[in-house]
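Two complexes are shown next, each including chain A; its partner changes from chain B in the first to chain C in the second.
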Partner chain A sequence: MEMDLRILVKENGGVPVIELGGELDAYTCSRLRDTMIEVIENGNPTVIVSMLKVEYIDSSGLGTLVGGLKRASESNGRIAVVCTSPQIRKVFEITGLVRVFPLYESEQEATNDLKTKVA
Partner chain B sequence: MEHEIVLVQVPSSAAYISVVRHAVAGIALRMSFTRQEVSDIQLAVGEACNNAVKHGVECGHPVKVRCRICDSNLRVEITNRYCGERPCRPIGSKPEPHQYNEGGMGVYLMKRLVDSVQFRWGKSSATVCLTKNVRH
Partner chain C sequence: MALRRSATELCISIDSRPEHLPRLRTVVGCLAADLGMSSEEAQDTKLAITEACANAIRHGSPDGAGSGVTIKLVAGRGGMLAEVTDHGDGFDVNAITVPAPAERAGGMGIPLMRALSDRVEFLRNAKGMTVRLVKKVKGRITRRGVASVRNKRQRI
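After this line comes the complex of A and B, so read on.
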């Protein structure tokens, strides 16, 4: 049980990956917002958000991802979400956000798809 | 019908919402809810607490949570005090993706995740009652 949010910024095949762990909620989401802004404004509008280690997401967390997507879109970027937890996927499904964020099973799958679409 | 009551009280701050969520999840796990159902309850309670903190933070009063445990269901009541005008009654319809921001999805999520969502208004307090039925 992780009651905080862990954030690690790394790369997969040249695509920036924001790896999250723990809980993404009203208390912690500002840290993700700041990280997304920093990555996007550093010239990387296309970003993978890895939620493989996320145990909880609420509407604040979803809103933060949507805010990041709006910012990325202004620079023709995209945000891909990596997520396998049925509990987390359900939140994307019932809010309709599966139509906004493509969900991938692994960071590599997301990287491959993003590169294909850019090419 | 026999039942048990668990009371939790936290300061009206987002920092303490996870404490409530984990307490309620612990209760739900002791009942015969599935892992998915526990997750649903946890998220619905988290959203109700988000609203309670949002509307109650200016008063400085704590958020009070009352869990009523019985064989057939778990009912969680989240109460906050508010100052000034009564907040609008939430609609809870599904927002379109372009309307998403950092609010506006909470009540919709609650309604999708538990069997019953009721709102009660007192003179200076608001209570959200969430009920999840046991199916197994």
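After this line comes the complex of A and C, so read on.
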């Protein structure tokens, strides 16, 4: 059975975007971790993680995002999460991570906010 | 929760590897659909059971993949019951501390199970640890849902 996590690294207004699709769980989260490390260590500590196409996330996926945030913070960067799914937002709320990750409705909204805060 | 004697019961044994988790979610999703659970209830159930299994794989498998995890699923008209049993030493659930949000690289599985289930029990036994979760069907059960469960029971 194919493990369904799709990862695309792109850019929005000069900010790197890691676009995820499918399922982010204990098995697939290592791929996100590797991608985040690669993007951050390439000199892009502020990253948008787009979860618009994510259908499922568990605590391992959330833990991977927290790990990425720690790494980004070491370089004064931030992680912004784009997510509209009520189910996924609910998981962020239950775990208290809504207080850690700003959640945006679109990549453009995240980009605008990140640029405003940098300026 | 009072589950009918005629409930569908499945017992699944997996080796302790996380790549089995999507397959398990598929099975849970099928049972949830048969029960007439709402989409939200089905997602909650899948996540809660997956968290229990991921914990069993990560913390309750002293011999690695060969340790194995057993998942018993019972789907009745009242809802779904899951028992996830591992071969670990178990843990004192009351001794577990949840880290501050910004430090939460781990420790979120049990809070999720509790928030998304109607009942969660942690049972130590001679062989390992069993996590028992109950998710009730709160939405209206459709005729199709009930009929589907009955049909499956007859096939089994």
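Here is the rule we go by: the second predicted complex is superposed on the first by the 116 of 119 C-alpha atoms of A that agree within 3 Å, B and C clash if a C-alpha of one lies under 4 Å from a C-alpha of the other, contacts with A are read in each partner's own complex, and residues count from 1 in each chain.
Heads up, the rule we're going with is that a contact is a pair of C-beta atoms (placed from the backbone, for glycine too) under 8 Å apart; a residue touches a chain by one contact, two chains touch by 3 or more.
As the structure is a prediction and not an experimental result, all values here were calculated from the model.
**Q** Looking at the overlay on chain A, is there a clash between chain B and chain C, or do the two fit?
**A** With chain A as the common anchor, chain B and chain C collide in the superposed model.
**Q** Figure out whether A:58 sits in contact with chain B (first) or chain C (second), or with both, or with neither.
**A** The answer is both, since A:58 touches chain B and chain C.
**Q** So, A:99: does it touch chain B (first), chain C (second), both, or neither?
**A** A:99: touches chain B and chain C.
**Q** Touching chain B in one complex and chain C in the other: list those residues of chain A.
**A** In chain A, positions 1, 3, 23, 25-27, 56, 58-60, 62-63, 66-67, 86-87, 91, 94-97, 99-100 sit in both the chain B and chain C interfaces.
**Q** Touching chain C in the complex: which residues of chain A?
**A** Residues of chain A touching chain C: 1, 3-4, 23, 25-27, 56, 58-60, 62-63, 66-67, 69-70, 86-87, 91, 94-97, 99-100.
**Q** Quick check on the complex: what are the chain B residues that touch chain A?
**A** 14-15, 17-18, 21-22, 35-36, 39-40, 42-43, 46-47, 50, 53, 94-97, 100-106, 108-109, 112-113
**Q** Taking the touch rule as given, give the residues of chain A at its contact with chain B in the complex, in rising order.
**A** Touch residues, chain A against chain B: 1, 3, 23, 25-27, 29, 56, 58-60, 62-64, 66-67, 86-87, 90-91, 94-97, 99-100.
**Q** Which residues of chain C touch chain A in the complex?
**A** Interface residues on chain C, with respect to chain A: 17-19, 21-23, 25, 40, 43, 46-47, 50-51, 54, 57-58, 101-106, 108-109, 111-112, 115-116.
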